[in-house]
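Consider the two complexes below, in which chain A is the common component and chain B and chain C are the respective partners.
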Partner chain A sequence: MQVTLSPLTLRLFVKPPLIPLLLLATFVDGFWSLGNLRTLAESISTDGLIVAGMTIVMIAGGFDLSVGAVMAMGGVTAVVLLPFGIVPAALGALIAGGISGFLSGTLVTRLRINPFIATLAMMVMVRGATLAYTDTRPVVGLDDTFLALGQGDPLPYAFLIMIVVMLAAHVLLYHRPWGRHAYAVGADERAAQMTGLKVNRLKIECYMLSGALAAFAGLLLAARLGTGSPIVGEMTPLTAAAAALIGGASLRGGEGSIMGALCGLLFVGCLINVMNLLGVPSYYQRMTIGGLLFALVVVEGLLQRARPR
Partner chain B sequence: MTDGALVDLVGITKQFGGVRALKGVDLSVRPGEVVALVGHNGAGKSVLAQILSGVFPPSSGEIRVGGKPVAFTSPSDARLYAIETIYQTLALADNLDAPANFFLGRELRTRFGFLDKKKMAEEAKKALADLNPNFTDIERPVRQMSGGQRQAIAIARAIHFQVQLLIMDEPTAALGPHETAQVGELIKRLRAQGIGILLISHDVRDVLRLADRIVVLKNGELVGALTAKDTNEDEVVDMIIRGRKLDANGAVK
Partner chain C sequence: MTAASTPWRFVTPIWPVLLVLVIGASLLSGPFLSPANIAAVLQQGVITGIVALGMTIVLIGGQFDLSTGATVMMAAVMALLLNPADGTSTALAILLPVALGGMIGLVNGLAVYRAGANSIVATIGMQFLVIGAVLALVSGQHVRADNMSEIFVSLSRARLLGIPYSVYIFLGLVIALSVMMSSTVFGRHVYALGGDIEAARRAGVKVVRTGIATYVISGMLAALAGVLIASLVGNLDPTAIRGYEFPALTAAVLGGTSLTGGVGRPADTAAAIWVIAVITNVMTILNYQYPVQLLVQGVVLTAAVAFYSWQRARS
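For the complex of A and B:
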């Protein structure tokens, strides 16, 4: 017997099982408390910016391992530039992230380096540079406007920004030619090139977008924490990839959506949140996220074999 | 160059690493003329077609459109000169639907720069129905479509926009006899409209039926040029296999 589920039902109950997870979470003390929901909203909002960028890169057939390191760099850059004002700080972070994305994209397109290797190299380089510049210590910024950006009532500003970014990314992907070209490039780069699309340029733009969003996420995180830390975001590429994959993106490219990514983000965010509430030690949390990513990649591999392209 | 030619290729060579795929090819196509390019696999037919459609530049030699030298850095450049290509691989994005593929790279937009999906679907539907009246279920990913339907999308998008020179790389390779006949009819119709066609094909019988001139490539060199109505299957096949070189006057040595 074949059961057909509507896409929305599928999204909420099966892939990912978001609603079942939320129902289960009801049994966890304090999950539905306002304080916890706020913590949840805060934690997914910075990751959300990164998931949006990661999803776009993956749709175009790439991958970005450097997002966590770029996030740390973005936070540090913003705090360091804060004395010049909040606008230069934000612009500085965005530009730094954009440049790092440009370098990743250039490695991937012009030098034809595998995206995992290229962005791994960028990840280590950016992390190293950030640690070197800060001498591994957090940089402290005490600007009232900046710190206020980390607050927001009743909803954190970062959460509202994340929603706006997700909406913008959705419009970009579905209602602008650029997004359609990204899907075409991800599905078949050669065909896209033969159709006259500027494949390299588009892919570089994807990585720049991902870099800029990650750096901006770093700024928001720094505003919330009150410091620009050079060591944040170590797990970010993995959680972001898990969220994007759960949300329907594929390592083969050409698939994925922002709505899916949002559901994947909520699922991963809730999972981590529940584990925190239950007092699961962080090592086991890592194992869980790693295991989830492993399972997703295995499933994707099986699907790939079952459905020759 | 040839007077009144749409496109001239002059002394085109192409080197891939140590491999010389083309060794100095001259070719012209006039308006309303069907020129067939025949030869074995690996003779350089597709390479020549892809140079003319802007996929990659020649190593040396010149492309002239309307007598003026041009340089293509991408297929979108060739499109600006009304050169359209139907690739052997069709060059479709499997995850997108027919209208999206049809308008890929030249999407219709609303006043605010957003995709005008409704209008694109309507126009694509009309254009595809012109080729195949039964082809109406177009808004699903093309990976779910039949070979003939996919071919129809590739053909329809090549002739829908401004086109003066149409390059067809093995347009009937994936088609059944009925659909092949339809493509033949289409070629005749386009020729009558004054469109120049460069037809690349294995099928010598097809070529004799459809082409005005037949050009034979062997090992990256032009080895013969025949007028379709003055030749026959044996002569063309003989030339493909044995490959006789032309002297400066275009006569067979």
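For the complex of A and C:
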């Protein structure tokens, strides 16, 4: 029997099973409480910025393993620059993230290094630089305006920012020529090159966007936690990749959407949130995310194989 | 004239680099050339080196294995939990972790070569799966083994001619794997796999089986490295044993192993391991801490990848 599901139904029930998960979560004490929903919104908002960047990079056929390290760098940069005012702090974080993205993009395009390896190397360099600069200790020295940025009532400011960024990214990808070009480059780089697209430039822009978003996520995280920590974000590239993959992005490029990424983000966020509510130790959460990512790429591989050429 | 037709084919760029570094290091810091420090440098390379040998073989086959750092940790913890006090438990503490490492490799290999999963992301997923499982098993606590048997301790502590046994184990593995890769059918099939997997398939290479074997070898070698750590320390904080996959990858790439497969030699990786060990050693002597070393490793990896891709583009 052939069952046909509408794209929206498919998105909400099967890929990912978001609504079934939410229904199951109803049985978990306190999931629907206002306090917990707020916690959920806070936790997905910083990751959300990163998922948006990761999705864009993946659509253009790349990948960014450096996002977690760049997030830590962004938080530290912002806190260090805070004495000069909140605007220089934010600009500093964005620029630092943009530069790191520019370097990743240059390694990928000009030097033709595999994006996973290029961004893995960037991850290690950025992490090393951040740890060296801070002497592996969190940096403090926050002012009230900055801390207020980590709050927000009734919805956290970070959550609102995430929604705005997601909308902007959606418009950029679906309603601007730049977005069409990103899909074209990801689907078939050679063809895109032949039609006259500036492939290298576009890819570098994608990595810069991802870097800047990750650094800004670091700023928001620092505002929420009240400190700029050099060690945050170890799991971030995995969570972000899992969310993007669940949302329909592909490691081979040319596929994915912001709406999908948002569903993937909610799915992963709720999963972690439910585990926290159930008091599951963080080790099992690490296992779950690792296993989820492993399963996702296996399924992706099998689907690619089954697809007729 | 190709490189393979000259008598110099055995000397890849990494060997002169090693030579220059050793000379430079001995000039730069007096204590470098002391016998104790040389033994320390040789030993420092062993753990990462064994992991890097496995990484090299997987890379030659055209794939990545970033789960090895987690396998090292798993094996070290497991060896200590098995408490190698007498003969039987010593044998178990060596064999069981290695077998489990092989199993992890098998799962990676099935995912990559059977299901066609992206090897980088799949093995990173596996890395977190294994680390999470091990930390859950020991609740993040220290593990220790009291009264480790003499044989188990001697794996890394006992010395012959002033050099620890583990260095000989590493050298033995380098020779064995070099022979395996250059002079056996299996080795040539691995090169074929990384060169052009479709051509290899058509030429009758059992692609899936050969590919899975590369992962099993990598997993077993990583586990052996973990067992050596266990024998060296006897008491460890599992969260501190991590991240071996990155220096291993750096070493393999620095040794000239291609990231796109088909090129590389275990002996060159060994040379690169000592290049890194010398750099790390000198930085430690000159009192640069871990973060700076991490930074330098990233720079070295990037420079090595850039150098080799430039070299290949030129030829």
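Structural remarks
Basically, the second predicted complex is superposed on the first by the 307 of 309 C-alpha atoms of A that agree within 3 Å, B and C clash if a C-alpha of one lies under 4 Å from a C-alpha of the other, contacts with A are read in each partner's own complex, and residues count from 1 in each chain.
To be clear about the criterion, a contact is a pair of C-beta atoms (placed from the backbone, for glycine too) under 8 Å apart; a residue touches a chain by one contact, two chains touch by 3 or more.
If you're wondering where the values come from, they're calculated on a predicted model, not measured in any experiment.
Of the two partner chains placed by the overlay, neither chain B nor chain C lies in contact with A:279.
Touch criterion met: A:254 reaches chain B, while chain C stays clear of it.
Contact with chain B, but none with chain C, is seen for A:196 once the two complexes are overlaid on the shared chain. In the superposed three-chain model, the partner touching more residues of chain A is C, compared with the other of chain B and chain C. By the touch criterion defined above, A:188 reaches chain B but does not reach chain C.
Of the two partner chains, chain B is the only one that A:180 touches; chain C does not reach it. Once chain A of one complex is fitted onto chain A of the other, the partner contacts of A:301 are limited to chain C, with no touch recorded for chain B.
The contact surfaces that chain B and chain C form on chain A in the two complexes do not overlap at any residue. Residues 171, 174-177, 180-181, 183-184, 186-188, 190-198, 254-255, 309 of chain A are the ones touching chain B in the complex. Chain A meets chain C in the complex at residues 63, 107, 111-114, 116-118, 120-125, 127-132, 135-136, 235, 237-238, 241, 251, 281, 283-298, 300-302, 304-305.
Those residues of chain B that touch chain A in the shared complex are 53-55, 74-76, 78-79, 85, 87, 89-96, 100, 104-105, 107, 109, 113-115, 143. On chain C, the positions that touch chain A within their shared complex are 64, 111-112, 115-118, 120-122, 124-133, 135-136, 139-140, 246, 249, 253, 259-260, 289-299, 301-302, 305-306, 309-310, 313.
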